[in-house]
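Here the chain labels run A, B, C and D in written order, and each chain numbers its own residues starting at 1.
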Amino acid sequence: MSYIEYKEKKVYYETHGQGKPLVLLNGIMMSTLSWKVFIDAFSKSNQLILVDFLDQGRTDKMEGISYTQEEQGEVLKTLLDELNINKINIVGISYGGEVALEFAVKYQQYIEKLVLFNTTAKTSPWLRDIGTGWNRSASDALDYYCTTIPVIYSPQFYTEKSEWMDKRKKFLTENVFNQKPFMDSMIRLTESAEHHDVVDKLSSIKIPTLIVCCENDYITPMSEQKQLNELIQGSQLVMLPNTGHASMYERPVVFASLVLGFINLEQTEFII
Amino acid sequence: MSYIEYKEKKVYYETHGQGKPLVLLNGIMMSTLSWKVFIDAFSKSNQLILVDFLDQGRTDKMEGISYTQEEQGEVLKTLLDELNINKINIVGISYGGEVALEFAVKYQQYIEKLVLFNTTAKTSPWLRDIGTGWNRSASDALDYYCTTIPVIYSPQFYTEKSEWMDKRKKFLTENVFNQKPFMDSMIRLTESAEHHDVVDKLSSIKIPTLIVCCENDYITPMSEQKQLNELIQGSQLVMLPNTGHASMYERPVVFASLVLGFINLEQTEFII
Amino acid sequence: MSYIEYKEKKVYYETHGQGKPLVLLNGIMMSTLSWKVFIDAFSKSNQLILVDFLDQGRTDKMEGISYTQEEQGEVLKTLLDELNINKINIVGISYGGEVALEFAVKYQQYIEKLVLFNTTAKTSPWLRDIGTGWNRSASDALDYYCTTIPVIYSPQFYTEKSEWMDKRKKFLTENVFNQKPFMDSMIRLTESAEHHDVVDKLSSIKIPTLIVCCENDYITPMSEQKQLNELIQGSQLVMLPNTGHASMYERPVVFASLVLGFINLEQTEFII
Amino acid sequence: MSYIEYKEKKVYYETHGQGKPLVLLNGIMMSTLSWKVFIDAFSKSNQLILVDFLDQGRTDKMEGISYTQEEQGEVLKTLLDELNINKINIVGISYGGEVALEFAVKYQQYIEKLVLFNTTAKTSPWLRDIGTGWNRSASDALDYYCTTIPVIYSPQFYTEKSEWMDKRKKFLTENVFNQKPFMDSMIRLTESAEHHDVVDKLSSIKIPTLIVCCENDYITPMSEQKQLNELIQGSQLVMLPNTGHASMYERPVVFASLVLGFINLEQTEFII
């Protein structure tokens, strides 16, 4: 159980294994716990770092305090400084990918390689309204479930894993989405993404970047990652067919293969 | 102002123009009024029929009565019988496309050609949960707006037409989504779609059918229309890039061109 | 049997029916004869004009004379002047679409609406090399067939219509691709497309334009039509899934529906 | 310089490095030399095996002898037996992917994991005619270049790397495609693929399989890999946007990341 302090808030993190450091940045509804099944694979040849952002998991709540995704990037910066890490591989998914971008446009000298799953360069008016819908639904667990979860998973996954989804529905509505402190955090986290916009700064990024988009991502649609691919010089774009926004859960083998393959490939250029 | 009666409910309809009859079946949140800008184009060479389904527009509300999309098909059947029409072109979008399918699997002898925009053969568990999210949000106008509208329009349209969307937001939240009778109707209409499933009956359809899917349709995704295309023998599939679920509003020129071009083409086979 | 004269060459054309004039511009390997099955449908409410470009069909051969697609546009201009037509709907496929573009950037005041199937704004180095491959194969009928025909049809059509394709192979290799005058024309036609490039002029086009791309078009891939759609202001893009470059043959019903629906729609704006 | 013997033909192979064995199976026009830039990356943690199929590279020519891709699988089997390898990771691209499939349906007990880039389950009539076009062009170096090379690379790559392509054109037309022994081999290799068809046997494959398709692959189009993905139980599908058939050359970083990430991931299931 390790913590650092950021502006008088305790921030929870974990490290696992040895090797080139690699941090996995959580999606909005996730926490360090969400990566449990990936820990062995990711810490086999790397030092894996997991961290709960402000208002996530075992990190302190932010009652009464508003913040941005840029500030979550400062949390990451503080953690790296405490750990004396000056070069790291950053993997972010969704909210975590956006924090990764906020971090990258300020501190790219700290980044060895960058991997972005289901990430957008900017919170559009469309996405902002979706966020408002989430927050307006937060007082009713089933409403919140039905407003957020179907857009996170692909229709195919939802249908094929219906038993798993049913269990998850029961668990989330009975143990998570009915907990006011959790929901208050979700509201603040959602609000913290409202003003994310690094579009004009992306051309400065020169680090090797892998961008992954998913055919059935209905919250950060493929056009967002195509934009990232155009704006980040030399970046690589990969698409996962029949996959929704929660790509790490829908396609864990491909998620792990892409991350570990890209991060641990020493050669960055192949002159053919 | 014309009405027929269906099970003691008054059902509103309009006819415009002369020629091969053509009925446009409304999406769930629409009414005969929604087609206003299309009336001239569609009634120029055709008899255009518009109709409000049970719980829509000027048709009676269904307080305390539950019904299905199959029953909305019976409403259409009753209307055709009253108008002495025994051969008609049916164009449906979304909810209206599903009613068209429910009608087609029972009464295809009445159909000359069928055009389906943004239609699914079946309400999947995924779509059912989305519907539940809509209904759980119905007591708060802004919640309802933010839960339903962003998934109906493409992110591109939402962003490019932000001024129009803002006006629409104001209008819908201040005049429509805060009206209890309208919202009660929406709840029942949403419930009426829960058990739609004609998958096993589609192979019986032999009428010329045009199916239109949209790249950014996040409520009846393209995979649904690909399934329709596979199941309906000889059907034609067309895709609209950069377009969301509300294709008639996002791409009115293409909507009208496809419908009128397909419906009024006399030749149905071209032996090349 | 009607002819006009263009620079001492006889140019064959046909007109059918009455109404708003509409010209169908041939693909490279086509002639007025190729549209035979479409004549009834297209002349029902329109004056349909068909024309053989220089080196096509019943128009004179161009032995020893080189020309460009821009010049084929001049042929069209001459024809319109002879017929006293000062406003026309132009539909072009592939080579014909490119001639339509060459014409449009010079004479858009003559165009009412423009429809482009499988068209590129520019002959890229990639496409130029494909053309060279065609021409180097021209001395062997089977070589020419196997070099040109598979890239023109989608793999799906080729496989599903294998009997039709086999007959076509026999016919083309035994009666067409072994005819030196035809092959010499094909070589010159292919060369005439080498320098097509209107990219920088497309922003001047203000006429209603429909652009159709096909999922399995491997000679003018979808990215080409997406570029046209971005460059031609207000243009409409439609995609045909499971369809190759010869879209008029693979999807004749959709081809005719799109053209006639778009051309004959009087309303060009729908203010929603 | 190592050789084994297969039916009195010398078969060239190389091994590099130590670790879990991994064989890269060549595309039709490739040889062990083609993998030069990948050797360091692929042999860092694995024993990398490269092999020239019959009629490729330093392996004997097959003058007067016809063979199939199934037989190339037997060559691989013979090599594994000689090297005393009874469990190997197989990565094949195009022709090599098809040989991998022919091997897998007979000897899957020898395979740990399977990775297929740009591979088809069956040589369709369409692909067979393309092959015939290649072979009919084989007597003219420039014809052969223009018939084969543009369909191997994406239009984007061809245009962006035009200088590299020009050099390659010069090299291939002046040093390779004008060499009769090489061209005779290419003709036989192309013929050896004519009857490839493992469609009905794919359901028996139970090994972890990664399938990679490319958006601009115009010789083994994406629909082919979608079919593989449906037929091989539990297989993973990944798509590379803006990439042609020669994916290893167009996207070497992603190629290496996917292969090494997937092959070296010890965990094969992630129970979420």
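Rule of thumb we're sticking to: a contact is a pair of C-beta atoms (placed from the backbone, for glycine too) under 8 Å apart; a residue touches a chain by one contact, two chains touch by 3 or more.
In this text the structure is predicted, and so the values were computed from the model without any measurement.
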{"item": "Maximum centroid distance from chain C, chain identifier (CA atoms)", "value": "A"}
{"item": "Intercentroid distance (Cα basis), chain D paired with chain A, Å", "value": "36"}
{"item": "Centroid spacing, where centroids are CA-atom means, of chain B and chain D in whole angstrom", "value": "48"}
{"item": "Where chain B touches two or more other chains, by residue", "value": "none"}
{"item": "Chains that touch, pairwise", "value": "A-B, A-D, B-C, C-D"}
{"item": "Touch list for chain B against partner chain A, complex", "value": "124-127, 129-130, 132-134, 136-137, 140, 142-143, 145-147, 149-151, 153, 155-156, 158-159, 162, 165, 216, 218, 221, 223"}
{"item": "Interfacial residue positions of chain C with respect to chain B in the complex", "value": "37-38, 40-41, 44, 208, 210, 215, 226, 229, 236-242, 249, 251-254, 256-262, 264-272"}
